[in-house]
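Two complexes follow with chain A in common, the first pairing it with chain B and the second with chain C.
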Partner chain A sequence: MSDTDLTLEQLDRDGALREAIAKLDEAQATRADLLRRATVGSAAFVAALALPASSRAAPSGRDRDILNYALTLEYLQSAFYTETDLQGALRGKARRASTVLGAVERAHVKALRKVLGSAAVAKPTFNFKGVTEQQTPFLRTAVAFEDLAVAAYKGQAGRIQAKPLLVAAVSIHSVEARHAAWMRYLFGITPAAEAFDEPLSRPEVEAIVAKTRFIAARTQTSRKGRRPRLTG
Partner chain B sequence: MSLRALAAVALAAVGAGLAVVLVGRDDGTRGIAAEAPLPEPPAPAFTVEAPQPLDEPAPTARWSAVLAPVDVRDAPSRTAATRTTLATRTPEGTQNLVLVRGRAVDEAGSLWIRIAGPGLPGEADGWVPRTALGEYHAVHTRLVVDLETYSATLLRFGRPLARFPVGVGDESSPTPRGEFYVRNRLTRYADDFYGPLAFGTSVRSPYLTDWPDGGFVGIHGTNQPELLPGRVSHGCIRLRNDDILRLARLMPVGTPLTIR
Partner chain C sequence: MGGALAAGASSGSAASPANDLRILNFALKLEELEAGFYAAAIDRGALRGEVREFAEVVVVHEREHVALLRKVLGAKAAARPTMRFGVAVTNPKKFVAAATALEDAVVAAYNGQAANVSPAVLAAAARIVSVEARHAAWIRAIAGKLPAVDPTDPILSAKQVEAAVNKLGFLR
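Our next item is the complex of A and B:
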């Protein structure tokens, strides 16, 4: 298998990442659409209503898509650190950092899924190709993921329509920035070298995620309609 | 200047500074105390709960798919002897799987995985490059088949979950003993002989190597339940149809299989 000729379509067979990203380009929904979606997506609406009264906000069309986009990136990060923890191959400060960051990223996933309710995108399948099992590849990938998350959240900040959602997203964004600094320090590069961080656009994030080739097709382990030729 | 005069000058300077803060700075902008109070920030639409440590029991086994044809080697090295070559698909058309047993890094820094693979007992137990494998999956179950008591016991987290009477291989083609795993699951085929559902396993019968598709041992239902339990099969593990359907609800693909 060549490492250079894969596309996002091949890697993201379930379409979770593309689904989240593509919706960002949809035209803003009409008022009628929004009302209809509020009815159809009642589970998400109910989930949001379950929040404390001071923070009630059912995500609207574009905001919901941005949250799903964020959720997909959080899936990527939480799966990465969780697998690292389960492998148990790291040592020292990297091991400790992975444990802490994994817990935080799983908390982010849980929160975003709660807000999105039934509108939440499915978790993709990830193949981390051994980077969760070796110290240096782990640190290099962690820096890339955290920098990516920081830039991706920033890239959507100006597009979030509901201020309460923006406040929540910024609260996650700053945590991701702390993670980025931590992992950069452990990897031996300057945690905060720049005076101004550039955001990353949707195509830029898409290209970086595709380049990792970490999103995999689900393994097919079942088959219908084929007569067995087992020994009997 | 006397001490008293110095104190008077200092007091005047402090007073002037306070006046600037309260009324306006000397650069023309207004001081903080003179501003209208800022509005409270909006409450976040949601908050994130406190992070929780990973609370996942150690898996019984982990498995992975074979993504590219790969040689299984005796040691974690490209120069080590090749034991066999793994295909990406099973004879049943599903993705080929291996159990993951361990890891090592070679001198070039490449990661190798120790696997248990499909084939004759022990034939494909060795090392493959990590790059040939897919994502990892964890299972918490194990199926133990006892050839003396004609029983299959499913364990989860090491504890018995269900037990079934089985038919096993007869004297001419006994069921092979050893450590194997469940490789795939087949349904909706038109053959009553195998009952409503069949699991393919990783082990080939050493006695039926010329069997179509290599003679892999299965775990399946039957159209002759009256023969169970006993030594009645060509090597496969036969269950009554109700039992195989119940087992299928409890046992995921990738489950280790102990035949003793």
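Our next item is the complex of A and C:
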């Protein structure tokens, strides 16, 4: 199996994305349409991020740092939505959003880990302090996470050296913006507050994440082949 | 998709002042189209409720995008295109469909040029593209559709974007 033919099934090993898509009764597109779209989107992403090993140069030191920074933010988001799903406290549109976003953020984690290989940072342990257990705190936190992710990716756009990685990063960046708008809509605030979104530097983003105290412990850099404890 | 990625990333369209100029004018045309579309829809008075609120907020953003691009381009800015919007500005259902297609095309257009522009243009485009993505998600939420399903957004070449925009039939 070549990396460029990666299918949805491979990106979505736990089936959450397919299950989420199967429940999309409110969407006008057919399930087949959505599956095809998700497959195409994932394939493009992986094609950009994880070129076949034979032709792929390992990311440069700076790119590796940026990818690991992105990976940490994606770990945070995927763990948040995954835990929310497991808690099962959400209802209606918020529940559906959490399921879809969990699957998407897990796909981001998986792709970033794939391109980083043995250089990928390990998944930290998280403690979300109950915000995954109630709808309003969940939505407030989701808005903050998604807006933060948009600003974080934006802050790195000009720093990424390898063009395929830049292309992959911008195509995640705008997806995070769609998520931010979605969560803001569900929370009842304007999805697009300003004409321009501003970037945040890595220290600014890390200071905000540190303030949440959601990261309970950081484990050491993963050894080659080691898998995260949870799919998130 | 792989072809589009390859074209965007490695077709020899390395950043240069001439490329920046061409790409900025391409972005300007798309922003003019958006601003003109929303202004016309508001003007015709057929929109109600959330859809109207969306148009009123978004038109301001698109005008600010146009103003920024015109300022950057100065005398090199292309003239405003001639546009005609037909039923898309009088029929709310058609308006929602067109707004969704237009916003998606603009997101894909900016993403498709990210690897072809200078760092300064990339920084400006990055401040705009996520706002366009927010618009695209917002109009879907209003329409009762899922705002975001795919892990990544498409990366379209200028040609592919032109084709998507031409389907709307707004540009004369």
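Note that in this section the second predicted complex is superposed on the first by the 160 of 232 C-alpha atoms of A that agree within 3 Å, B and C clash if a C-alpha of one lies under 4 Å from a C-alpha of the other, contacts with A are read in each partner's own complex, and residues count from 1 in each chain.
Going forward, a contact is a pair of C-beta atoms (placed from the backbone, for glycine too) under 8 Å apart; a residue touches a chain by one contact, two chains touch by 3 or more.
If you're wondering where the values come from, they're calculated on a predicted model, not measured in any experiment.
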{"item": "Contacts of A:I172 with chain B and chain C, given as first, second, both or neither", "value": "both"}
{"item": "Contacts of A:A122 with chain B and chain C, given as first, second, both or neither", "value": "neither"}
{"item": "Contacts of A:A207 with chain B and chain C, given as first, second, both or neither", "value": "neither"}
{"item": "Which superposed partner A:V104 touches (first chain B, second chain C, both, neither)", "value": "both"}
{"item": "Touched partner set for A:V150, first chain B, second chain C, both or neither", "value": "second"}
{"item": "Partner chain(s) touched by A:K163 [first = chain B, second = chain C, both, neither]", "value": "both"}
{"item": "Which of chain B and chain C A:T190 touches, first, second, both or neither", "value": "second"}
{"item": "Touching partner for A:Q134 - first (chain B), second (chain C), both, neither", "value": "first"}
{"item": "Common interface positions of chain A, toward chain B and toward chain C", "value": "48, 100, 104, 107-108, 111, 163-164, 167-168, 171-172"}
{"item": "Residue ranges of chain A in contact with chain B within the complex", "value": "1, 48, 51, 54-57, 59, 82-83, 85-86, 89, 99-100, 102-104, 106-108, 110-111, 114-115, 125-130, 133-134, 162-165, 167-168, 171-172, 216, 219-232"}
{"item": "Chain A partner contacts - residues on chain C that touch it in the complex", "value": "1-2, 5, 8-10, 57-58, 60-61, 64-65, 68, 107, 110-111, 114-115, 119, 122-123, 126-138, 141-142, 144-155"}
{"item": "Chain A-touching residues of chain B, taken from the complex the two chains share", "value": "41-54, 56, 59, 65, 67-68, 91-95, 97, 103, 105, 111, 130-131, 134-138, 169, 173, 183-191, 193-194, 198, 200, 205, 208, 211-213, 215-218, 220, 233-236, 253-254"}
{"item": "Complex interface listing, chain A residues touching chain C", "value": "4, 11, 21, 24, 26-29, 34, 37-38, 40-45, 47-48, 96, 100-101, 104, 107-108, 111, 150, 154, 157-158, 163-164, 166-168, 170-182, 185-186, 190-192, 194-199"}
